[in-house]
Amino acid sequence: MGNWERLVWNQRHLLLDGLVVTVEICLIAFAAAILGGLVLCLVRLYVRPLRQVAIALIEFFRATPIFVQLLWVNYVWPELFGWPGSFFTAGWVALALQSSGYLAETFRAGIEAVPRGQREAGLSAGMSHPLVFRRIVLPQVLLMVAPSLVNQFTVIVKSSTLVSVITVQDLMFQSQKIVNTWLDPIEILTATAAIYILVVFAVSALGKALADLLRRRYGLAAS
Amino acid sequence: MSSIPAISVVDVHKSFGPLAVLKGVSFDVPRGSVVSMIGASGSGKSTLLRCINHLETPSAGEIYIDGEPMHFRVAGDGQRKPRPIAEINRLRRDLGMVFQQFNLWPHMTVLGNVVEAPRRVRGLKRSEAGELALECLRRVHLLDKAGEYPARLSGGQQQRVAIARALAMQPKAMLFDEATSSLDPELTDEVLAVMRDLARDGTTMIVVTHEMRFAREVSDRVLFLHNGLIEEAGAPEEVFGAPKSERCRQFLSKYLPKYVQ
Amino acid sequence: MSAALAEALNPAVFWEYRAILLKGLAFNFYVFACAAAAALILGLGAALLRVNRWRALRWAGTLHVEIFRNAPDYVMVVWIHFVLPLLLGLAIGRRLEFPPFLSAVIALGLVYSGYFAETFRAGIQSIPLGQIEAGRACGMPERLILWRVILPQVVRRMLPEAVNQFVSLFKATTIVSLIAVPDLMYQVSMVTQQEMRPLPLYTGAALTYFAIVFLAASLVRAAAERWRQKVYA
């Protein structure tokens, strides 16, 4: 059909640019979320004086809608902290906040699932606490939570569509720009929806395969 | 009238894909009698019982409940037509089934389990169904557990509830599929005692069991199933006392060594 | 920074516009209630398709789940609001437009029906076959078995997961402001444009949603757990 060619195929460079931005912002947000989640989780478990603060932050990040967080980070943070300085940064920070709250809880469940005896075995072999954590606990936890991490990544991809609202030029943004230019939303929005669905589908299929693999190879139950 | 058997199984075949499990089984269960079915694991006992109340559809043959064909009906033009599921459900009400795994509904109380079918299937009023259910629970000696959830009962108690649930349909016959096989020996006896009472009260029953002493004691007739066929049939004294078939003798020797010469 | 912090936490503007903001919040609850009902019904339907005897119907159920579970909710809201009416309009040969509220409910209902379908399906498949056969042996028709034996247990089993999905759905209702459903976020941006004071308004919105979601989720989780334990030994 002519419309598909004119509105989708001929616009493929715009869409591709958008897709690249989407992938970028999702990956950055994902990395930041893993880091943030790990820090929140460790503080919650091992840093007594800050425990309540960590819990409060985790609950706040988890219970606040991502769209609200996004606007909050975008409009309020620069005044409060003088940062972030760009829409792109505000976008990934908001995405990372939301996911770090969930991942902190995932990590905690993983850490608590490592049998105490293994830690004691390491300690009695003369390993220090940090060494035991780094060499014995963490590798197992990462394996155990890997499927949940992939799952959280799909959440990030889905939520990332909202950064178009603060004018980050991701796939959703480009697609709506095309709509506003040609005033004919059917094909382009359908194509955009299909792209997102396929991407998310592929990522979650990957997560399922990973979970199966881990279950078979290490006998780990996906958390 | 009284000559019509409660259940009549005529040349029933059943295959699962290429696997022929029943290869032409026929027998009658006269009203008020107890028929026991014994045989090795995999010989097709459960399959036969499940065919009788249509949990499996026989590949060929027919089962008559009180003279009425269960699976097919003869249409006006003389042709056999498969019965619609609604009619099969109606005929199923005349058969109470007790499973090896009890299969109680865990979200309902004991009374709820027993009341369910009389109320929703037979459409009795709440009070009538309740009275009937309590009467059935009395027969299995579990009146005091009416308000409990199944998870709080012992296995033997659960199986007696399952029997009460089947009785509450006021069926023409009861089918027992290894009702005591998943129970500890102490619990087996309380269930067998209930079944013995039922037999004494004149309940028509088909009992699949590995409890040979029980089978010998309560049965009017014993069938030995082997490889999807009835290999030996007769009064319990005959089958247990002097089995004609070599296979039956071998089978029994595992359970009742003293019966082997 | 401390001046900015004081401004961000200053509840005066929020209080001044409380009437209109509350009205906005009510819209979040309307959308939530309608979309939740739609999602439960559609989700149950899709789950029943997925455990159906017929392969074609199983396929249809799977397709429904995979499409809607993997669709970002914002994309779905936009598609339903701007594309679906046009497609339907083409089909009936007349221009068609959905009111934003309707689009929001359809889109969120569809997306969350994908999640609920999976929860329902897992619940249905966890019921031992023997319990269903016991129902058949009592002469219960399949529909009665579904309502009396299967679903009551499924509901109890899926409760914790369903609570999480309801929480997500409520949070997702904030995006309907983007198609001009006048919810709390919509009103907040309106007031922000008037007052030019984003700090207290957006901070207030974030805290409001947090308080609602956190309290409601804790309460519902506790109640659900008590109900489950009362029934299951």
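Every chain is named by a letter (A, B and C) in the order it is written, and numbering of its residues begins at 1.
In this section, a residue touches a chain if its C-beta (ideal position, glycine included) is under 8 Å from a C-beta of that chain, and two chains touch if they have at least 3 such contacts.
Since this is a predicted model, take the numbers as computed values, not measurements.
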Among line, ring, star, complete and other, the chain touch graph is line
As a test of understanding: of all chains, whose mean C-alpha position lies farthest from that of subunit A? B
Could you find the two chains linked by the most C-beta contact pairs? A-C
Quick one: subunit B and subunit C, Cα centre-to-centre, how many Å? 47
Distance-wise, how many Å sit between the C-alpha centres of subunit A and subunit B, to the nearest whole number? 57
So, what's the distance in Å between the C-alpha centres of subunit C and subunit A? 21
Flagged in subunit A as touching 2+ other chains are none
Enumerate the contact residues on subunit B facing subunit C in the complex. 53, 55, 85-86, 89-93, 95-97, 99, 101, 103-107, 116-117, 120-121, 149, 151-152, 162, 165-166, 169
Can you tell me which positions in subunit A touch subunit C when the two form their complex? 59-60, 63-69, 71-72, 75-76, 79-82, 154, 157-162, 165, 172, 176, 179, 185-186, 189-190, 192-193, 196-198, 200-201, 204
What residues of subunit C sit close enough to touch subunit A in their complex? 1, 4-5, 7-8, 66-67, 70-76, 78-79, 82-83, 86-87, 167, 171-175, 177-178, 185, 189, 192, 198-199, 202-203, 205-206, 209-210, 213-214, 217
So, in the complex, the side of subunit C touching subunit B is made of residues 128, 130-131, 133-142, 144, 148-149, 152-153, 156, 231-233
